[in-house]
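Both complexes below contain subunit A, partnered by subunit B and then by subunit C.
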Partner chain A sequence: MVRNESYKTPRFSLRQLDSLLGYVLVAPLVCCILLLVIYPFFFAIYISFTDRVIGSEGEFVGFANYLAIVQKPDFQASISNTIVLVGAVQSIKLFIGLGLAVLLNQNIRARFFWRGLILLPWAMPAFVAFITWKLLFAPQGGAFNYILINLDLVTTHVDFLSRDLAMPSVITASVWRGFPFWVISFLAAMQNIPRELYESAALDGANAWQRFLHITMPGIRHVVLVVILISTIWTTNSFEAVWLMTGGGPSNATMTFPVLAYYGLQSLRIGEAAAVSVSMLPVFAVLALIVAVNLQRED
Partner chain B sequence: MFDRTTWWQSILYYTLLILVAIAILFPVYYMFNISLKLPKDIYRTPSLLPVNATLKNYEDLVTEYDFLINLRNSLFVASSATFVSVVFSSMAAYSLVRLKYLYRDWIGRLILFTYLTPSGLLFIPLSVIVARLQLGNTLHGLIFVYLTFAAPLSTWMLMGYFKSIPIDLEEQAMVDGATRIQAFYMILLPLAAPGLVAVSVFTFTAAWNELLYALIFITSPDLQTVPVAISRLITGDVFRWGLIMAGAFLAALPVMILYYLAQRFVVQGLAAGAVKG
Partner chain C sequence: MKRFTTTKLFFGVTLLLLGMLALTPALAQEKFVYWGGLIFSEAANNLFVERVEQWGEENNIDVEVVMINQNETVQTVSAAIEAGTMPDALDLGRDFMLLLSQQDQLVALNDLYAEIGEAHGGWLESAESLVTSEEFEDNIYGIPYATNGNVLYRRNDLLEPAGYAEAPETWEELGEMARAVNDPPNVYSMSFALSNVGDGNLTTTMLQSWGGRIADDDGVNCTIDSEETRAFLEWITTAYADGLFPPGATTWDGAGDNTAYQSGQAVFIANPGSVRNYLVENDPELAEATLFSALPAGPAMRISPVNTVVRSIPVTSEKQDLAADLIAYLADDEFIAEYYSSAIYGPALVSHQEAPIFAESAVHAGLLDLALNGTPGAFPDKTNAAFAEYQTNFLTPRMIQRIVIDSISIDDAIAETQEACQAIYDKYQ
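Right after this comes the complex of A and B.
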């Protein structure tokens, strides 16, 4: 697109002026990004190859940190836990997200009200949501144990944050807090699908399921993909859920990468901590690349 | 939507919606319920109703735990981060959408990748960098660090908004003698107001809610933000659940009101920016 043709001043100097203005306006943000994201990003990779501790720069040690952490049970646990947690949370959110978006796309009275209600868990601060779920699951004073005991479903308190149940509990809380983003995004995409498509399909005798499969799904496929990927980055990176509900325990049953890296920083062994968080990098890089390609595709 | 909804479909839809409403509202209700109770009522006479309701927890939070200072810190950090981020990102988004220059597309891509870079990867090097800049244990350092997630997301969303606004009005204004800068803040920014609202809400709440960086960078109690202060309450052996829930409720209230008031813009923002359909 050629702009500014209406100007009578010489074209090239104006264009140069525009480029200059462009650089000036984008400069503060780019400086922030270089200092706060790009530099730390490469710095993290560098640190992970040194034996840096608090108070000492440390020296280059090659892959020693990586070799050390892969032998530790907490690191091994955090690999499988992160996969289980993210896999379960994302599948459940996809199912609920599609289901509720389809439901809200029906002839529902007060759709605005229901949409606002569904937004509520997401509007709540994550730390508030997860502390509240820790309370709901608590043996003493927790709502679920109170209900179970009063309905005579159990005789003694259930320890929802025990070794066996901690992971399902963290998954439940994460789904509760995260599903609104999926519903709202899917619903927005569904409302962009032209009504006529559905009307003509209905005339041709397609039933509800066929219309969902052949009109709704293709229409929102792109949004679904992007939501899955972005949310996977967030969920993999989520610190609050595990940190507040279980602290990674009991005995590493819910240990995930960000929490392990945080403990590493607390123990002051920065080199090893950096190695833990950098080991997530390949996964993020692939996810981010697919998101970026998809978000820029129609530009 | 396209068949006539039969009565049994209506029953099914609203039953499902009511179940969803219960699942959403029950934890929020229970939080509020417990915040009104003293430890003896929580443990000895547990109940789903606010029996012997009292505001003692809220009172203790303010008098014993200096919660007002935490609220003030959070308010300062979140509003400063929002202001700086919105200024930087609206300038950058204008530049990236409306002006042409070398490497523009690369800068756009850089911003997108920055938005997708998780804080789990950055907090370790940032802790070294912030200490080196003498910004450790200061609220200014925290504001600075919050730009890592606030500014790229805001820019990305505002680019979506600016693109959706036709350029004609700005061009007309420039033909009539306005400078580019004037066309930007007198024509484009007012038209993009819903986007600015959405971006401000997202940034403010993200900064208000942030726990990990605040936990790492703030060490003095009088500089703690609300999430840190509350999460410190659950690290002990004995949980004062009433007190914790009172704090949690006070922390959640402002952002929930903000979301409720700005719901329309937030939903639009989600559709337009984070997930361009």
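Right after this comes the complex of A and C.
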């Protein structure tokens, strides 16, 4: 047998070339992610350890920014307010989301119209939504006060953005803007549950509540968990609702982390502002980890 | 072969996109970019844009004018500095100019300042003192184009029948008048913001007129903890408790007092003039019933802060000569006279006092009076970066909120504010 000297073994197999092309194709995206996500992320952490002011490099100050902010009453208020805001908003959205999703999953008249209508608050730009809510709540010239006074339900203006009512008002507006995402997500998950399961359960004598508890909930539990976690991250980071409606006030009644960070930026002290933002990271990291694990499990 | 073509195509498109990305800033740099200060008068904003564009046409320069909401200048400029996308020239408030100059972000404009001053009969003392104070170390980083400050509006149709035909001379007198005509929920007399917005810093002016001081004469140590501050806080928190302030004043945004007055539900407001513009166009009856005066005096003195807005050139601009030429062009007497007739400003230059609007409109006459007789900047405090940061953190209105909202004692609120204030001043030592 004569060996063919002109034949050369390919340097890469077809499979390797395929993989290589795959890497090449995703490379620009990976570069973008590195540039736009990873770099700013670590840069923000770095800045939080400096006394950087806008326009100057700043010097490394260790934990000085963190020590300074934890002593501020604003920071302490922002911890409790953020917990209250997120806890209340998520609980109410879960309740409304599940209720409306179950309703829209029924054979009700014009259900496609209702499904579209539900999406409206979600489709509205956040700043328009929250400024509108602020105008509705305004003591002078606000629609709610106008109605209450003209119906003789109150004799003087109700300050919906006062110390006691500001947080409930912000929660109301945040729920209104955010619940459609929950409804649509839950509805999509419910539509994947086979009808036969409900029919069999009905034949076995299960009532509506039992069907919801033993068929619907297990069928959508992964979606519920992921929606809760993702929405928790969004709400914790939410800036517009508080800023546009109360600016964190009155006093510190609605001060949250993002608003506090923004105040830091107004003084050009981005080191301090970054420290406020970065101090939320451990919470987000845990939430993000839980989301990732659950998504992986679902796969 | 097919795969090879796909790969080539992919690389080609990627390179093209990267090339376009690289070229975009270069192309954008071709234009002369000006960030103008957006104000509440559309007519004034349009006049300004047209004037800059006219300069561009006359000099064959491609200009881009971007009007920036003055409430968002700090955020916009901060982001631009970090991103390296500052314009060739921009309008700034005086306090922000001070902060930027201390970060070496602005070009010194001493020659241009002298040239414009000479061409227009000199600078008014108030404007000059604000841009030449010692913090600038003999440099001038902004060319004033107007002065501004608050004028007291009052509802004469409500006050005169109650026996108050004249403007209040003191804040205490204002309080007395306010109590006489207060009629909630229809009318809340003292519609002054107590919230975390610029308008809320009127309370710092009040505090100073009571004899209170934010810091000592050197501008180093905070001196909020004083009997004068206590007396002021007693007065204002009693007025709040008596229902003279409208509900919501502690969370108002920058338009809160405007809205209250325009809806006929306020007796007194302090405003630069935008409300007057609105009333003349939309509610002539209320405009007729409105009278204007200087801010009242406190037990210690009368403080009528006058500030200035300036045009500056960032150090990053590659067209600094053009920017200087444009700034001189914008100081033209004829243009400024037309601009002031729609805007809500007082003059900064001697020749600009001659604008007809200062003789025609009561509120503009008040702004001219403020430019000539007002107290510049932080007076009696030292106008420095620490004071500017104190104000941008709204520590005086927040001190009041702590008492009226959180119900802490006056002493505790003062102690807390003193500590927060000193922490700010310490940063600048």
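Keep this in mind: the second predicted complex is superposed on the first by the 285 of 299 C-alpha atoms of A that agree within 3 Å, B and C clash if a C-alpha of one lies under 4 Å from a C-alpha of the other, contacts with A are read in each partner's own complex, and residues count from 1 in each chain.
Convention: contacts are C-beta pairs under 8 Å (C-beta built on N, C-alpha and C of every residue); 3 or more make two chains touch, one makes a residue touch a chain.
This structure is a prediction, so every number in the text was calculated from the model and none was measured.
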So, after the overlay on subunit A, do subunit B and subunit C clash or fit? They clash
Exercise for the section: Look at A:G116 in the shared chain and tell me whether it touches subunit B only, subunit C only, both, or neither; answer first, second, both or neither. Expected result: first
Query: Which partner does A:P28 contact after superposing on A: first (subunit B), second (subunit C), both, neither?
result: both
### Query
Is A:Q140 in contact with subunit B, with subunit C, with both, or with neither (first, second, both, neither)?
both
Original post:
What is the contact status of A:V293 with respect to subunit B (first) and subunit C (second): first, second, both, or neither?
Top reply: neither
Next item on the list: Once the structures are superposed on A, label A:F284 by its partner contacts, choosing first (subunit B), second (subunit C), both or neither.
Entry: first
Of the two partners subunit B and subunit C, more of subunit A gets touched by chain B
On the A-aligned overlay, A:L265 touches which partner chain: subunit B = first, subunit C = second, or both, or neither? both
Next item on the list: Examine A:V223 and indicate which partner it touches, taking first as subunit B and second as subunit C; both and neither are also allowed.
Entry: first
Quiz item: Can A:L153 be said to touch subunit B (first), subunit C (second), both, or neither?
Solution: neither
Clashing with subunit B: of 9-17, 45-53, 63-71 or 135-143, the subunit C stretch 63-71
Overlap of subunit B and subunit C contacts on subunit A, residues 21, 24-25, 28, 134, 138, 140-141, 265, 270
Contacts from subunit A onto subunit B in the complex sit at residues 3-4, 6-7, 15, 18-19, 21-26, 28-30, 32-33, 35-41, 43-44, 47, 100, 103, 105-108, 112, 114-121, 123-129, 131-136, 138, 140-141, 143, 146-147, 176, 181, 184-185, 188-189, 192, 195, 198-199, 202, 208, 211, 220, 222-223, 226-227, 230, 233-234, 236-237, 239-240, 243-244, 257-258, 261-262, 264-265, 270, 273-274, 277-278, 280-281, 284, 287-288, 291-292, 295-296, 298
In the complex, the residues of subunit A that touch subunit C are 17, 21, 24-25, 28, 53-56, 68, 72-73, 134, 138-141, 145, 149, 155-159, 161-163, 166, 245-253, 263, 265-268, 270
Residue positions on subunit B within touch of subunit A in the complex are 1-3, 5, 9, 13, 16-17, 20-21, 23-28, 30-31, 34, 42-43, 46-48, 88-89, 91-92, 94-96, 99-102, 104, 107-114, 116-129, 144-145, 147-148, 151-152, 155, 167, 171, 174-175, 180-181, 205, 208-209, 211-212, 215-216, 227, 230-231, 234, 239, 241, 244-245, 248-249, 251-252, 255-256, 258-260, 263, 266-267, 270-271, 274-277
In the complex, subunit C touches subunit A at residues 3, 7, 10, 14, 74-75, 77-78, 81-82, 99-100, 103-105, 184-185, 188, 195-197, 246-248, 250-251, 253, 259-260, 263, 265, 389, 392-393, 398, 401-402, 405-406, 416, 420, 423
